[in-house]
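In what follows, a structure is listed as structure tokens, so that the remarks can point back to it.
Order of writing sets the labels: A, B, C and D. Residues in every chain begin at 1.
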């Protein structure tokens, strides 16, 4: 599932390339798009299911700096899901398919008071959808 | 009332100077610091008074671009307050007292559902404090 | 010329709506897109013409806060151009065509050392294109 | 070496806590402060030594979300340095010394054209300073 977006001027820093922190934000964009493409609307999760999926860990390896005006594509997969912990893996690609960066984000499931939620029991629909997306 | 802060690397863009949008964020930092120095804790306003002060207008004029590592000082004043509308004015200064930028932010008062609040009636303390800060 | 984009989660703040500083960044996105749609590639301007168009003033009026997940459309026009100063005007619209915000950004033309450039003389192509875009 | 800073309103997201991407920016603030406290001015490195230290990898584990108004302290150490690769480790602490997050950033050394530089040979001063800071 590819998510494409253009590099913005305000995302660069004085090195002339995209500031490394922005890739973490791109992961979020790609993750939300990936879920939506797969029938999971994060807005609905928060507003109707009263569930949040905070990030508990993130990592990124940078190969080549993206530049202002570049179109980057981000490939997202779910590489771990056990009902409690969910890991997304990302590959950021240039237009000519060079890998610019790779990374992961790890999430848990909490209610609006940040208390852990066992979605296998309490949100069977979401649980089943995420199970079906887990890459084998 | 001077608020000082150092320019961060991630605030620059590929022009080599601070991205113009960050001055709007600095205004927020300076405004919150200005209020705190004058006995108004914005955290208390939101959490205890259940009041928010959203920005309804903002403007900024840029003279010279601040650079990474610079220490900038931001001078804040209240230049209008009538119980409904509140205007802060800012001057961003370099270490050698050159004006880097000037601007204003205009705020209203709303409850947690974004409904307008007449603080003259409902938050007399805040109303009086803000009145006393209004620059003549 | 409409530029559409989706509101990102990381653009919200604890009020639950988009932080006001991000509209200034959206103006940049819309402006660059507007220029590209009209045959002016800002990347080319910087890299080949060795010209920059820094922001010398910006303002924004906020009517209703955009929320995470919203699709916003930004309409951009050139409302002043005299060879030295260039003003873009923006209207941010919701999907049902409500005005969320309006604003302007004012630009000058400088070389890579931030020295003023008279584009009427030195960049006739750019000058003519901008003239043709000026809204009457 | 402790670096302290206050959590800004614009750093929060609609979950009500600091957006996770901002910790990566705090690491940068803490790293630059750590170097300065130890006699390495990153501005001098870029401007006089014509050397950059781009981030090639970053990771962060989040325990508890920092909130607007919190004072956070960031402890920085150098945990690996071999002349080619440099790793900083960070611990973000709350005011009552709870660990909010931990992470690392990995850097290399390049010239202004992003070509690798062997600082052991070409920047003996910087090499020796970094060696002396490496935590045993």
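Just so we're on the same page, a contact is a pair of C-beta atoms (placed from the backbone, for glycine too) under 8 Å apart; a residue touches a chain by one contact, two chains touch by 3 or more.
Computed from a prediction, not measured in an experiment: that's the story for all the values here.
Looking at A-D and B-D, the interface holding more C-beta pairs in contact is that of A-D.
Of the chain pairs A-C, C-D or B-C, the one whose interface repeats that of A-B, sharing more than half of its contact pairs by residue number, is C-D.
In this assembly, the C-alpha centroid of subunit A lies 24 Å from the C-alpha centroid of subunit D. The mean-CA centres of subunit C and subunit D are about 33 angstrom from one another, to the nearest whole unit.
Subunit B and subunit D have CA centres that are 28 Å apart.
Annotation for subunit D: residues 9-10, 15, 17, 21, 25, 28, 68 touch two or more other chains.
Of all the residues in subunit A, the ones that touch subunit D in their complex are 15, 17, 20-22, 24-25, 28, 52, 54-62, 65, 114. Of all residues in subunit C, only 9-10, 12-17, 19, 21, 68 touch subunit D in the complex they form. Residue ranges of subunit D in contact with subunit B, taken from their complex: 8-10, 25, 28-29, 32, 41-43, 68-69.
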